[in-house]
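We call the chains A, B and C, going by the order they appear; numbering starts again at 1 in every chain.
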Amino acid sequence: MQIDIKTNNVRPIRQTFAHVARRLGTDKPASRYQEATLDLQAETNFHYRPLWDPDHELFDPARTAIRMQDWYAFKDPRQYYYGTWTIARARQQDSMERNFSFVEKRALLDNLSAAWRDRVAGVMIPLRHVEYAANLNNTFITAYGYGTAFTQTTSFAAMDHLGIAQYLSRIGLLLDGNSGEALDAAKQAWMADPAWQPLRELVEEMLTIRDWFELYVAQSYALDGLLYPLIYQRFDNALSASGGSAVAMLTEFMVDWFAENCRCVDAFLKTAASESDANRKQLSHWARNWSARAAKALKPVADKALGEDAVAVMAELQTELQTRGARQCGLEI
Amino acid sequence: MSNNHVYIALQNNEEARAIIEAIERDNPNASVNHFPAMVKIDGDGRIEVRRKTVEELIGRDWDPQEIHLHLVSISGNVDEDEDVFAVQRNN
Amino acid sequence: MAAKRMSLRDKYNRMTRDLAWDFSYQDPKKIFEQADFEGIKIEDWDKWEDPFRLTMDAYWKYQGEKERKLYAIIDAFAQNNGQLNITDARYVNAIKLFLTGVSPLEYMAHRGFAMIGRQLPGVGPQVACQMQSLDELRHVQTQIHTISHYNKYFNGFQDFRHMHDRVWYLSVPKSFFDDAASAGPFEFITAISFSFEYVLTNLLFMPFMSGAAYNGDMATVTFGFSAQSDEARHMTLGLEVVKFMLEQHPDNLPIVQRWIDKWFWRGYRLLTLVGMMMDYMLPKRVMSWKEAWEMYFEQNGGALFNDLARYGIRMPKYWEQTVAEKGLISHAAWGTFYNYCHAAPFHTWIPEKDELDWLSEKYPDTFDKFFRPRYEHWAEQEKQGKRFYNPSLPMLCTTCQIPMVFPEASDPTLTSYRSSVHNGERYHFCSDGCKDIFDHEPEKYVQSWLPVHQIFQGNCGGATVPDVLDWYHLRDGIDNREYLASPDRANWERWKAGEEEAAELPKAAAG
C-alpha cells in the first residue's frame, strides 16, 4: 500500500523542540500542553528597562518575595493551554445557556418568595463587582508574574472571573426583567450599604498589592477560598431548601469552576511551598493574614445570606480553608 | 493620497460564501476580488453586512458577531449592532 | 415579569462597563499607577465607545468553535504527512523565519496586553485588551502546535525560544517588542494596536498566509486565517484608542503623532524581513513586496490617515521614503542573509533563472541595475565551489538593529549611514527615521542589546564564529548555510523520490 511506503520512507528526525527535550531529559514526543508552555517567556537579554519600573527587567523574578530555582516547576493539573481551556469553557457555556433559557422560559425565579428573591438580589448581585476586581487581579499576575506555566493559568482565571461577573449580571437582569433595577440597587449597596463596605475596602486594598504572588494568595486562596463556598455552597443550599433550586442552575458554572480552579491553586502553592522553608513561611504568613481579613470582610455578607447561621458557617469555612491550606497546599496554618 | 477606500476580507469557505453573497446584494458598488483561500471585498466609504440578508440566504438565525469566525481583515471604522456589521470612513 | 428586549449595546454596557465603580477607599492613582506618566490626558473614560461588544459567553462560543476546527486540521495535517505537499523544501525556510521571529512576539503581545489590560483605567478598553491578550496567547500556541510537525522533519525550528533571545538578526523583532512593552500603556497600544496591527499587520499576515496557500502549506494557512479572524477586533481597538486619545484632549495630539511616526518607522523596518520572504523565500510567489506595499500601505494607509486628518493627524513621518525605497529593501536584505547565513538557523540560495526574471519584471527600475549582477556573480562563485560567506561582523543600526545595508533612496549605489553623539559616544543608524527615534529617547536606546557589540564584549560564548554558533545552539552544516548543500534538501529529495516510487507501485500491481 502506498501509505506504508510513505511512512517507512518519511521518518521524523526529532520528536519535539530542543528546549522541551532538555526538560524531558530526552527527545521524546511531548504533549501539546508542554510544547505550548515550557520556556515560552523570555528570560534574558532584554533590551530596555521598563519606563514604568526601571528597577526591574521587563520580566523579572524579583517582582515577588517567592524564590524558585525553576519557574516551570509549576504544573497545571488541568494541563490547560488556550485551546483546551477555551473548548472546555465553550462546553460549560453551552450548558449555562440552556440553564438560563430553561429558567427564563418557565419563569422559575418567580417561584421564589419575595423575601428570598430580595436575598438573592441583595447577596449575589453585588458580588459581580468583587468578580471584576478578581479579573483585574488575575490580569495583574498575568502581566507581571514569572513563567508561562504560572501566568497562563491566571490569564484564564481572569477571564473566568469576568465570565462569572457576567453570569451574576444576567441573574440580576432575570430578576428585574432587563430593566437594570436589580443591578443598580446592587451597585448602590456595594457603594453605600454598611454591610458591603468592609469587603469593598478589602477588595480596593487588594488592587494595590504589588507582590504578584502575595496577590495570588490573597485572591485565589483566601478570598475565593472563603467566598465561593459561602455563596455557592452554603447560600445555594439554604436557597434550595427554600424553593430556590432554580438559582443553583444559574450558578452551576461557579460551582464547577471553583472546584476545578482549586486543583490548580493547590498544586501551585504546594510546589512553591515545598521549594524552600523561606517560601513556605512567606506563603503561610500571607495565607493566614489574608484569610483572616477576608473572613472578617465577608462576615456581614454571610449575615445577609444566612442570618443567624452566619457565625457558625464562617467558622466552619475558615477551618475548612485551614485544613485545605495545610493538607493540599503544604502551608503552616 | 485622498481616498475613502474600505474593505472586508473573508475566508473562502462555505459559511462565508453566504456572507459574501449578502454583501454583494446589499452593496451594489462593492467589488469582490478572489485571492488564494480568501475573498477581499473593496468599497468606497462603507460596506455593510445585514443580518436579515444573511438569514434569508442561510435559512437560520444569524448573529452579526458570527462574522468574526470568518473575518481575515478589514479597513475602516467598525459599526456593529444586532442588525448590521459595517466598516466605513467617517469623513 | 415580562422581560424587555435589550439591545446589544445595553446588554454589553450592563454586563461589562457597569462592573466598575468609583474607588473611594483607595486613591485611583494607586490602582492605575501608569495612567498619567506619559502625559496623555483623559478627562472622561465613560466617553469610550466600545467598537465590539463581546461578552465572555460569546467569546467562549466563537473561540471554542475556531479552536475545534483548527486542531482538527492540525491533526489531519500531521497524520497525512502534509509537509510533503508543499511546493519545495526551500519554502520551509519562510516558516522558520516565522517561528523564530514572529511567534515569540505573539507571546510578548499576550503579556503586553495583560499589562495594559490592567493599567488602563477604563473598563471598556481593559476588557478589550484582556481579550486580545488571550487571543495572542492563542496565536503563539497554535503556531507552535502547527509548526511542531515541521519541526519533526526539518532543521532550524528546534531551538526557536533559545535563539530568539540570542541570534543576531532576531534582535530586530525582539527589540521591537521590548521597546513597546517597556513603554507606557498608551504608547504600547499606539505602537502595537494602531501602528503595527492596524497600519502594517496586513503586510505581515497576508503575505505569509497567501504564500502558504500558494505553496501548498495547508497547516500554516489554517492557523494564519484562524488567527486573522481575531485580528479585526485587535485592529479596531487600536484605531478606537487613537481616536479616543485625540478626542479627549488637544494636548494629546503631538504625543500621539510622535508615537505614530516612531512606530510606523519601527514596524516598517521590521517588515524588511517579510519583504525578503515574499520576494525570495516562496518558490511560488504571490506578489512582490513592492506590490504589497502599494496595496496595503499606499492605498489603505492613505484612506486611514485621510480619515484621521480631522483630528490633526498627518501621515507618518518618512512615509515618502518607504515609497522611494520599495524597490530596494527586500533585495538588500536577502543579499545580507545570503552573506551571513552561516550564522542564521535557516538556509539561503541564489534564486533560479525564472525567479531572477520574475524579480527583474517586478522591479524594472532597480533589480537589473543594482542587484541581479551581484546574484549572478555569487552564483558563479558557488558553481566553482567558492560559495561566499562574509567572515566579518556587520555594524548594526542602534535603533532597529538591522545591519547597515540599506541603500540611499536617492542614490542606491551608496549605503545609508546616520549617526548621533550622546554623552561623548557616537551611535550609528541606518536611516533618518531610526536616528530621530534615538535622538528623542537616547537614554532608552543606549541600552540596546546589540548582538555584534555583545559578541565583541565576550558575552556570546566566545570570540570565534564556532563559539558563537554553539552559544546560539546552531548546528553548523545542519541548521545553517547554503540550501543546496543542506540535510533538509537531501531529506526532501529522498522523501519525494520515495513518493514517486510509491505512486508507481499501484500501477505495477494493477498491471
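Operating definition for what follows: contacts are C-beta pairs under 8 Å (C-beta built on N, C-alpha and C of every residue); 3 or more make two chains touch, one makes a residue touch a chain.
Since the structure is predicted, the reported quantities are computational estimates derived from the model, not experimental observations.
Chemist: How is the touch graph of the chains shaped: line, ring, star, complete or other?
Modeler: Shape of the chain contacts: a line, open at both ends.
Chemist: Can you tell me which chain lies farthest from subunit B, using the average of the Cα atoms as each chain's centre?
Modeler: A
Chemist: Taking the mean of each chain's Cα atoms, which chain ends up nearest the overall Cα mean?
Modeler: Closest chain centre to the overall C-alpha centroid: C.
Chemist: Centroid of subunit A to centroid of subunit C, CA atoms only: how many Å?
Modeler: 33
Chemist: So what's the Cα centroid distance for subunit A and subunit B, whole Å?
Modeler: Comparing mean C-alpha positions, subunit B is 38 Å from subunit A.
Chemist: Could you grab the centroid distance between subunit B and subunit C? Build each centroid from C-alpha atoms only and quote it in angstrom.
Modeler: Those two chain centres are 26 Å apart.
Chemist: Do you know which subunit C residues sit against two or more other chains?
Modeler: Answer for subunit C, listing residues that touch two or more other chains: 65.
Chemist: By the touch rule stated above, which residues of subunit A touch at least two different other chains?
Modeler: none
Chemist: Touching subunit C in the complex: which residues of subunit B?
Modeler: Interface residues on the subunit B side: 1-7, 11, 35-38, 65-66, 68-78, 80-82, 89-91.
Chemist: Please name which positions on subunit C make contact with subunit B in the complex.
Modeler: The touching residues are 7-9, 51-54, 58, 62, 65-66, 201-202, 205-206, 209-210, 213-214, 221, 225, 228-233, 235-236, 239, 286, 298-307, 309-310, 315.
Chemist: For a test of understanding, state which residues of subunit A touch subunit C in their complex under the given definition.
Modeler: Residues 2, 5-10, 12-19, 32, 35-36, 39-52, 58-59, 81-83, 86-87, 89-94, 96-97, 104, 110, 128-129, 131-132, 135-136, 139-140, 142-144, 148, 151-152, 155-156, 158-159, 162-163, 165-166, 169-170, 173-174, 176-180, 183, 187, 190-191, 200-201, 204-205, 207-208 of subunit A touch subunit C in their complex.
Chemist: What residues of subunit C sit close enough to touch subunit A in their complex?
Modeler: 1-6, 14-16, 18-26, 30-31, 33-34, 37, 55-57, 59-61, 63-65, 67-68, 70-71, 81, 84, 104, 107-108, 110-111, 114-115, 117-118, 123, 126-127, 130-131, 133-134, 137-138, 140-142, 144-145, 148, 151-155, 157-162, 164-166, 171, 174-175, 178-179, 181-184, 444-445, 447-449, 454, 473, 491, 494-495, 498-499, 501-503, 505-506
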